[in-house]
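Here subunit A shows up in two complexes: once beside subunit B, once beside subunit C.
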Partner chain A sequence: MSVGRLRSALDGGDLRRGLAYGLAALVVLAALYGLVFPETMAGDLLRLATSESTLGAALRLAVPIACAAVGGIFAEKAGVINIGLEGLLIISAFTGVFVTDAVGSVFSIPGIWVGFVAGVLASTLLSLLFAVVCIKFRADQIIAGLAVWLIALGLAPFAATVVYGSVNTSSVGTLGTWTIPVLSELPFVGPVLFDASPTVYLMFLVVGGGWYVLNRTSFGRHVRASGENPKALDTAGVDVTRVRYLAITLSGVLSGIGGVGLSLGQVGQFIGNGQTMVNGKGFIAIVAYLFGNYNPLGAFGASVLFAGLDALQLRLQQIPAYAVPSSLVQTIPYVTVIVVLALVGHTRVPSAAGDHYESGED
Partner chain B sequence: MSARDRIESGLRRLVAASWAERLGLSFAALVASVLVGGLIVFFSGTAATCQEPAYGVFGLTSCYNPISVYSVLVTGAFGSILSDPFNFNVALTLKETTLLIFTGLSVAVAFRAGLFNIGSQGQLIFGGLASAITVLTAGPLLTGVGGFLLVPLGILAGALGGAFYGAVPGALKAYAGANEVITTIMLNFVAEQVAFFVVSAYFAAPDSQSVETSQIPPAAVLESALFGSGSDFSIVAFVGGLVLVAGLYYLIKYTAFGFDLRTSGLQPEAARFGGVDAKRTIVSSMALSGAFAGIGGAVWVLMVLGRFQTGVPALGFDGITVSILAGNNPLGVVPAALLFGVLKSGSLAVQLSTGVPIQLVGVLRGLIILFVAMPEFFRLLGKRFVTTDREPAVATDGGEQTPTEPPSTGGDAGDSGGER
Partner chain C sequence: MTDAVVLDDITKRFPGVVANDAVDLTVETGSVHALLGENGAGKSTLMNVLYGLYQPEGGTIELDGEVREFDAPRDAIDAGIGMIHQHFMLVPPMTVGENVVLGNEPTKWGGLATDRSRAREAVRELSERYGFAVDPDERVEEISVGERQRVEILKALYRGADLLILDEPTAVLTPQEVEELFDVFEELTAEGKTVLFITHKLGEAMTVADDITVLRDGENVGTVDADGTDREQLAEMMVGREVVLDIETESVETGGTVLDVDELTVTEEGTDQVRNVDFEIREGEILGVAGVDGNGQAELVEALTGLRSPDEGTVTLDGENLAGVSRRGHIERGMAYVPEDRQERGLVMDFDLTENGVLGGQHTPPVGGTRIDWPSAREHASDVIETYDVRPPDPEAGAKSLSGGNQQKFLVGRELERDPGMVVATHPTRGVDVGSTEFVHDRLLALRESGVAVLLISANLAEVRGLSDRLAVMHDGEFVDVVDPETVTEEELGLLMAGERPDEPTTAESVSADGGER
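Now for the complex of A and B:
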């Protein structure tokens, strides 16, 4: 109950800031310790965490989380909680690989980019279905979101088994990396930032563009009003339903980029056993934007944090000296998500989020 | 009339008015899912490779014939039930049904309290693991007559393990405001990895390729009576499940705790005014929900596998569909679990004889939830074909369904149904 008291002492914003500073301070302390005593585990961790390959991996792993998170921000800001992001990631990850493999190049566009577009399209269509179910048929948003997740979780392995005889698809190769000439020569940041998968650049575009659209355009204003005070928006002559449809569809497009970014950007195939290769990244994305207080830039920071932990645990498994059981190390990102959620649990949710809005005139 | 009485009578009215509609909705959702599922089967068959197409329509040929898929599914689930009611297929169906009753109850009790427990899967894993470890440890100590204690001990351990693992997200929700949908899903992943670690580090079977414990002592196994040995179905577990169904129904309907649970689910504000300790109710409902899932895990260990093995089937997720199909009513869980048991066992026969992969069940699992979530769809569809001049029906989602908002937004539940 001390948590409750702590929270009543601080309001949400202060707590979030405090948590972020606290985490940063912890990291700095550990880093200092590692610098002073390079022979200790802290030293090893520091070397690992700051190595180019770990940072590069963190950015790659952040792609699905950050893209889905920005998409989720648009939906929730517009007043529809899209808890089905995980399903959108799954369906796009699978479709991207399947179409790359089955269709191949069209009009001399390389097959893998055809697959990329198809994956984004699949996620967009599924999000449109979600929008219709929530808006036209007034379904409970949480249950409809769970349905989107479970449908994708069933459909992708089903289709993979039909086509490939196993829940995993065959391998189609990845999008590779784009090396930006001069900038990639820069020491340290060069290889991390400018010699990366095209999906990483796309993620920067999604995050920056998402922030701009949400905060600097009239569409962004409408989205925010649709979540905070749909009645006022309606009175101002803007069609709330249309804004919500657009926002949910946008969450489908962005999650689609994230999903294909995972399958075609990193792995080159779809893996469908258990929770599929998406493995909860859609739900982590929700926590990322809650932690980032519905700000695309904040959500990006949180995504890199969660993805960084994932990258670190992957590297940690490769060090035999510590013999940390890999199954326990793998829980680190999930446990962190729970802890973060418990500490910033009371976020400032858009006041009309979750509500169905009915315009007076029908 | 006290506030409590008023709430009680309001609830009774809502439930009475809606149960027939709920039944209709579940039925309509099922039919719609079967139809859409058939379309998916047909179109996926156009991409599959086979010797000769099984079905063609409008020039499109498919490797799968949806009609024969469903007929194989039903016959596969029951076998030749008329000549031999205790055949292997029936045992398989009832085995799945039994397991789904536990996870269905687990999800239902949380939903009734207004909580989305998506973590039945993790709670089932924890319960199963606790059960296996308990009987493996207690087995050598309890020999002879004491062996009879092993099964109840294993079930109890499963219930406690699951209850603990359900209480964690409950406490996080009650005291830290952490949304239970996300925490329970995250805890599913954690449970999987922790179980993998615990089994491989401490309880691994000596010469086994997979990560699993040794066989549990024979006295701890729930024997397959009536149905042939090797059917992995124990009528005792099934009857136990039915007893739990009745128990939960009684608990929800006639006890003070059940009243607290229902009102916190339907009208959190009213519950608070009525003197319900909301935080304690959240934790205890989640613990109870986890206990049901944990018992399911124990039954899976004691009846089906005879050991704990990693890579636990998605019984917890199936439980979500069972509960939603049942309108979150414990009594409805039995037919819903049977129906889903038929789907699961029949799909094995489907895979064998038509080549449609068993993952089809996963597709139907999601479709059913989607359709149950939108009563408005069926209402509009009905309006198109039937013109009625009577008043539109009262809230289809009042009373029995889940709140229409995540409790974290602090709104009150059940007010967006179509009540006029």
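Now for the complex of A and C:
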């Protein structure tokens, strides 16, 4: 058997496609079944999955994932794998709450917005540190990224303990919801899309803006070139180091919006037990942008999918009729991640991602 | 006539070496100027100084009569210099248009967006003006090497280059693409541009250049008019001594059959890469294989050397069927192999020469065996270095610190010093300078005289014709014909390489594929 034949047999592109279609068909069938027989479990699930509150919650829960994912896209497209997104979410989530509580309003800007800006700033500074370590000191990007996560994971609950005497902060309230007149009156989509937390609107801006910058501006092209062939960019007279610093900083800003969106947008406090309230959302964000093949729109879709499953899982736990252990239900989003990753085979990683670049090197 | 470039007294030192020693160079505006020299003669260094990548220790650069100083390539670009590197500086997943304007994107809406239609228009206009057939919307990863090179030239032109520097532009091109490139040179000079290109191929310099400057050991040996010189003079200037360019072979009595290939077929992903290839090589015989790259030569060689098993047919070495014999088994049976790509398959770039010298011999004493005897490995490497004139002559030097030509010399040396009974050599002199090429050819001929069977695959027609006793022409996985290299003409070879079969299978030039009567 030739090597080529063996390779194509192992590749199994057809098998994968078949599985994906099969699964999609199964989901559709279940939905139809639920529609026809609303009294069954499928009916309950369908009702839950399409309820306004679940969809609204899905969008809210998608904020940290989608924002961090778009940030991660910029860093990795520029050639630096930012695995520290989780840490950036944690640090911004905590700082946002802490500053809101400690500083309060400045120049008649409400305290919660001051905290918002401070949270984003904290994440930006941490990402800048990551950038310096990776670019200037040529550290391994994966290890440096893990360090960012571990630093934040230790620092935030520690600071909370010092200030509040507990790993959880006290509650400072949320950003509330902004209701857009007229549009919010629309049936179904109105309450879901136009009566939402300001961070949800911000997420739409981040996703749309991210796509635009990446695909339509010179900076976006420089980012892509920097991740594919930095030498080509360098010889074209563009400073690769500068592009990479900017891209990583941008990943810090966007992750910051996500982190503050989580703590100030939804919960109103910082929860620091275990994996903290961020609880792996930064890592799910990495999965989301890989799933979306480095396209902000695709990453957004994946984020909503994962967040939707999370929302569904939360609702399911509240139905006593099904005696499914809640810890099993909680695994649904993660199982989906694995299944989806196994079925998505077309992700194309930027060629120079993970490589250091130094001008004038041969 | 004004001068586009005047380099005066340029000196560039690297730790331990003087790469350029007080070099003067004058290039006339609107001319094609070849910078000729062996590997390591300082050609690329000089061009990198002109392009602002290196700062010289001494000397001045004068551009269009003005003294300039370049701190970085950007300065050189702004001064109208464009450089096309040997390894293309392109972003494969981006389109041709995006690559051309990279770093100088036209923008609209006050810089908020790139103006894609304007970029496309600019690229289209430029490529039409110079007769390039490139589609600005195609992705670079989907176009041929020759087209990529044209994209690089477009990139330079888009940035307003008047002087184009090309580093070994023909190294990666097929003969047809080389022709097209030379046509491009004419278009460029007709538009008043100046072309300065680096090469170590005499023929190229003679064909396309107006003036030729020869560098040797970092010094300018002289500038000559291309029409007033000949190959012998240039070769002598390059090497510093008289060089025999024509390969002289003595007839050798051929012995018994060493390699017998019968109906060999190699299939990959459903298509036959090699189809029913049949041949025999005897002791003291060189069988050449000519053909455009990618017509099954690589797969044929892999099947012969044990890197893959043939799908059909048999390979017999010294009477033994090699089916199922491992790669190690092939080495132990005395088959030496000079692979096509020295950096991918021949050497480990991160190893030093001693370690690289062991590769393939790790199982055989005195160097290999149950453990590797490092002192004798070092000695072995030193022997190869000395015999094949590898520079620097240091067995501790890392393979990647050597120039391509020196890597190749070391690789060829390692393989040929194995005391083989059979040699499979793929492009043994690719990227090697004139002097070393002559040496490698002598070695191959010496092996032939001592009764070794050689399979020589080369894209260099002069080489395969000069060395081979019989010459097979490969097209689309098949041996189209086996001809006598002495009598076949270049035109006939060209037709065979294009897959055109001879009208009558037994023309005067044809010799039977299994050696037979000569």
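Throughout what follows, the second predicted complex is superposed on the first by the 329 of 362 C-alpha atoms of A that agree within 3 Å, B and C clash if a C-alpha of one lies under 4 Å from a C-alpha of the other, contacts with A are read in each partner's own complex, and residues count from 1 in each chain.
To be clear about the criterion, a contact is a pair of C-beta atoms (placed from the backbone, for glycine too) under 8 Å apart; a residue touches a chain by one contact, two chains touch by 3 or more.
Small disclaimer: the values here were computed from a predicted structure and weren't measured.
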Subunit B versus subunit C as contact partner of A:V133, first or second or both or neither: first
First (subunit B), second (subunit C), both or neither touched by A:A232: second
Between subunit B and subunit C, more extensive residue contact with subunit A: B
Which superposed partner A:G154 touches (first subunit B, second subunit C, both, neither): first
Contacts of A:L205 with subunit B and subunit C, given as first, second, both or neither: neither
Partner chain in contact with A:H222 - subunit B first, subunit C second, else both or neither: second
Subunit B versus subunit C as contact partner of A:V335, first or second or both or neither: first
Footprint overlap on subunit A, where subunit B in one structure and subunit C in the other make contact: 3-4
List of subunit A residues in touch with subunit C within their complex: 2-5, 8, 216-218, 221-222, 224-225, 228-229, 231-233, 235-238, 348, 351, 360
Residues of subunit C that touch subunit A when the two form their complex: 53, 73-74, 77, 83, 85, 88-94, 98-99, 102-105, 107, 111-114, 155, 266-269, 308-309, 311
Subunit A to subunit B touching residues, read off their complex: 1, 3-4, 7, 81, 83, 102, 133, 136-140, 142-144, 146-155, 157-159, 161-163, 167, 274-275, 279-280, 283-284, 286-287, 325, 327-328, 330-331, 334-335, 337-338, 341-343, 345-346, 349, 353-356
Complex contact set, residues of subunit B against subunit A: 40, 44-45, 47-48, 116, 118, 172, 175-179, 181-183, 185-187, 189-190, 192-194, 196-197, 200-201, 311, 317, 320-321, 324, 356-357, 359-367, 369-370, 372-374, 376-377, 380, 397, 401-402, 404-406, 408-409, 411, 416
